[in-house]
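The following blocks contain the structures, represented as structure tokens.
Next come two complexes built around subunit A: one with subunit B, the other with subunit C.
Right, the complex of A and B next:
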């Protein structure tokens, strides 16, 4: 609880209307899109300017009050649950695109700008900002940067990290620094820009970002390939990459996922197929033509039962949007949907799919799988009911085994959703104790009082659980 | 709120709320950008669908008490249900909202005046068509007798809040009691018979908006329908259902089911999106009454909006014409989000010769009318309306077409508020279609007359 005089200090900085303390407000900011995590903050504060951010942070640091920065609260790793109370810091007023620089091909923006709005603004000028997480209609750029989000176009164009050129950051002590800039090259000191990308609000607050843009690709073609079995689809993915083609998009959906997505979108998806691949190539017309022809023949060589081409951009967009709804659509089947984010080297994708099926069977849990197959990033999603304690134990064991398998195949516990509170207990699986230790020293250096998003990234004691509430 | 009241509400939340439906929300936030109150409140989660569902769940879970702020969040909801079609999990938000509001209102100590007004309106007025006619007659007396002129000139209107003043201005000149009482109950098609339909006339539509109802039956006749208008029908009950008066809503549903059961018809036609959406939901309303459920579902399956039946019968292929002008369409939330009828009105409007149909940005976003929302949540309603007017102005349309009486009044209010009443008009789609039909046919018959001379 914050005392009355403490709230007055905050109100003096950001204005009374930008400090909320009602229990209803606290409740609606007590969770994000991660199941099973909820904790009440003490206040919700919405600074109007970067300068106000700095004042709030400085004061909170002096008082040792935890700060949980929050964009749109769509993250899937409990990154914005205020586990230790404190202040939820909203970015909703920092929502302006500051400049689109057509000479340097950059956009400079505040963190609270909606991802899709930013994309549309640059596209209106013939430019292209590729990172397109499925949540882009809702998520903010600040959230994307802090989770280093990927999307459907990640295979060819990379993830958010590949587009962040410079940042303005308010450090936990309230000081403001600028890193990078509109420079193609810059080796002055440590690369703090990269450090802050994916830092999940644990090192400071991002108040401005300069992002790289590229020219809009000339054309785009979209293909849907249907399979009788999941392995054949997974093999196709590996074959396409091995044949030195990098499609813009290479997405995988299994049959249960196709069915729920079709229930929602009603666009005539092939619900009889055991698995489908959604493949896109963009770029120069001649190259696209050639690549797509080759991709189609690889699909056919690998037992695709049908390969069809989207007839128009409207049809292609309907397919993409259907794919983006996959996770939420799966939620219609069972009360609790727990999704994972294990990622392996591309060449191992078939092995990983096979392993997921085996693990689901072994622990008798229902797992559906979809994801960015081309990136080796699958989202095995467990459909369960949090009220069934016995089943939740088995879910927990299944996920632990999936993580271990992913790491053994040369992969990682999370490809794009971040560690947050949810995967903190498993960080050591990927990094080892020395790796976690190195990261903790970085955290300690920036945030000695541990006020920035405490309880995220690093677990207090090593073995907590992912899905079973303590 | 008193502690005892809160405890009662909390307990009933635990007993009555559909917990599986609450759990069905996986908190992805996909619904946020479609929610008008979330957008207009400067992205406040407490005024978002995800936030409201979380609040309901938290009350059931005992994490929070159902205090004033929780109630505030639910009161601010328009009930437009724009959050439903965009929800991949298929959360039926409308049902959750109805359950929650019902519990809160039934248990709340209301102030005496509020109680009296609610009782008068919900039990004394809307269920009784004769009384509706009586009240509308009074308004007519006010409008025609010279009282209105006196009221407006004397400055007495200034005593009312701004939105009420505007509302008084935009209320259409109502029909005389005589014409309302002599409503015709049976119509033959003017062309060979294609469908037999019953017309759900609606309480407000068959009084204040009687000419629009007359236009509706005319269009149906031109399209080849034989029409019956069952006398025993009542108000649909939507206003009650959405304001936490569920028992009264159920009573009216039963009356309507009985009234239409006898008729041998293909469809039951409505011309008010708000009513139609409530009528198609009778099955849910009466889900706990085994002897009614199947009858309710049979009733609901026949409900069809006027624009949808017109398209089915190929009305858009008939000659339709208007003067050169731009027209635009404001979706009725419930027609679009619940009845899923949104292509049909556009198809009809695009087929009018001379008129150019221009889609406004966010045509599917609520106009802020929402039943009695504009009277009780005036500030938010007006903010939403201002946004809507900006979008309509950008289309340069001279005519704003609507498909529900509430939207129609709200758009008129918007036009009045912007001081554009001499340049822009708002109409119900059936009135415009009739105008276009008659216009085309009179030109046509004039031409054929002259050629025969």
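Right, the complex of A and C next:
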């Protein structure tokens, strides 16, 4: 709880209208897109400038008041729930695209810019910012950087990390540093830029970013391939890559997911198929033509029961939108939807999907699976009801087995959602105690008072992930 | 100086034949490819397994004995000189390629593998490992990772960092951790993988790496464009990128460099040109054809006095080899050659070259410039004589001005050579005291006894870079 005089200090920095303490506001910022996690902040503070961010951070550090930086709160790892109260730091005023540099192929932006707006702004100049998290219509670029967001184009184009060239960062002590720049090559010391990408707001506040752009691909084509069984779909994925083609998108949906997405979007998805691959290639028109022809023939050679090409960009966009709406569609079915992102090497996708189905059956829970087949990033999604304590216990056990299996197959506990509060109890599965210890030493070095998004990434105890925090 | 009983401990771990202490051996490992820096180690130790690396590190940490990990010592930043004595840790027994995984497009390797051998091994399977430091015929992949090596293909394909997916690391306390994996997406905690890439052996010892591969481009074409002045060449570079073409290589040589390279290689380079661009495009044959035609026309539109295409791959390789031999060629002219890598945003190349020439004239020192024009990574190279103290003082002043200018233009003090001992006094120019402090806090967290490659990256004092250490 912040005292009146403490709120006055904050108001003196950012202006009275930028310190919210109403019960309604606090409730809004007590949770993010992650089910099962909720905690009330003491105040919501919206600095108007990077200098104000620095002042707020410096003061909070002195007072040992927790700070939770927050964009649009679309993360799925309880990365922005204010578990220890304190200040939710909103980036809503830092919402300007500062420069699109066509000579150096960069965009320099404040963190509060909407992801899709940024993409459209650079596309208007014939440039391309590839990372496309499914939440891009709502998410902010600062959130994407803090979470190292992935997306459908990760296989060919990489993730947010691969596009962050430089950052302005306010450290927990209030000092401002600048890392990197408009430089393809920079080896002046440790790679602080990439250390901060995906650091989930636990090391400092990003107040500006310079992002790499690439030329817009000339054209794009979309193929939908239907299968009678998952193995054939997984085999197709492997064969495409082994044939030295890297598609821009290589998405997978299982039958339960197809059914609910179709029910939600009504675009004529083939609900009779056991598995669907959504495949896209982009680039030079002649190359796309050649690659797509080869992809179609690989699909057919691997027991696809139907292969169809999107007739137009409108139809292709409908397919992509349908895929992106998978979470929303699934979320309508049951009171609680838990979307996970266990990730394995591409070669292990069929094994992983089989394991997920086996584990779901064993624990008698309902899990639909879809995701980024090309990069092994799957989204097993559990449809459940948080009010049913007994079922939640089984859900808990099932997910623990899924994470353990992913790691055993050479994978990871989280491919693109981050650790947050949700995965913190599982981090040691991937990294071991020594690995977690190495990360904690970095946290301790940057933020000795543990004010930056406390309770995230590192577990205080062996708390289970589906326990409601209130 | 290590005592007899201390050497016996080391011999008990790695075998007697793997602990060298002869004066001749110590002399060999007292310097690397960097002129002006030399210091004698106490012993050269060559572990046979990662487990032995761990034991050596653990013991050295307990005894507070410095460890300098070393591949082939081709670095140009005095990154592997044993400035505080201790153990030079050689990777010569960790020299196996462990696996080429054609399904996941990865190669897993020990650190002591020669870079070119690794490239050729994956190329034999139709795969491509793009980072191509000029030292690749001699360098080792572990050294490349520790230095985050760049190369001629950095513009289109990125640098070593962009290809490291996972690492096995022995921490200074002897614990072994594994980061990342065969995973395009992994956000389980801080990005330790990229933190270790380019950490110059100051945070731990890399004992295994999993590297990303891509399909081998179908074909490649090489163009040589000659100019009467640098501005026209720089303008060409900008226009190529602005036309949304990203060439695989876009190298620049100034006239003095062309002359000495031709004198060295005798392949008929045009010594009458004031500046030369070596431009390559790779990829699908039709796209390469189209891009190269556009590149040729952009060269011609921007006052190239001659544009010629390599008639064959043999001729193209001769041109590339000539470019890679620039340092060797220049090194023949004067007793001391200091090769720098001040780097600027691509748009500032012409300004930077002009500034270098102005600074060289002002201080009356001889500087040739060549480098990677496409990514702004220039190599101003000073031909001098370390025995001439008065001249060295002027060289020192000239380079300090060059670094300051690079940073003022939005660039960095080092694009691909690393900080090492050589650039340590200049790190604050790029990062400020707060940035250097943030990096030092990471060093302190991982290596509190400062045994890992001490004296590198962070300056103890304001020592000048050209002072000989003995």
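Note that in this section the second predicted complex is superposed on the first by the 461 of 470 C-alpha atoms of A that agree within 3 Å, B and C clash if a C-alpha of one lies under 4 Å from a C-alpha of the other, contacts with A are read in each partner's own complex, and residues count from 1 in each chain.
Assume a residue touches a chain if its C-beta (ideal position, glycine included) is under 8 Å from a C-beta of that chain, and two chains touch if they have at least 3 such contacts.
Predicted, not measured: the structure shown is a model, and the values here were computed from it.
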item	value
Subunit B versus subunit C as contact partner of A:171, first or second or both or neither	second
Which of subunit B and subunit C A:447 touches, first, second, both or neither	neither
First (subunit B), second (subunit C), both or neither touched by A:231	neither
First (subunit B), second (subunit C), both or neither touched by A:264	first
Partner chain(s) touched by A:336 [first = subunit B, second = subunit C, both, neither]	first
Which superposed partner A:103 touches (first subunit B, second subunit C, both, neither)	second
Touched partner set for A:159, first subunit B, second subunit C, both or neither	second
Touching partner for A:377 - first (subunit B), second (subunit C), both, neither	second
Contact breadth on subunit A, by residue count: subunit C or subunit B	C
Subunit C-contacting residues of subunit A that also contact subunit B	none
Subunit B to subunit A touching residues, read off their complex	20, 23-30, 32-33, 42-43, 45-46, 48, 50-51, 54-55, 58, 63-65, 67, 69-70, 72-73, 87-90
Parts of subunit A lying in touch with subunit B, wherever the complex brings them together	22-25, 27-35, 38, 72-74, 92-93, 114, 135, 137-138, 261, 263-264, 325-329, 331-332, 335-337
Complex contact set, residues of subunit C against subunit A	101-105, 126, 147-148, 150, 154-155, 158-159, 161-162, 171, 175-179, 181-192, 194-195, 197-199, 203, 214-216, 238, 241-242, 244-246, 283-284, 286-287, 290, 343-347, 372, 374-377, 410-419, 423, 427, 430-432, 434-439, 441-442, 444-446, 457
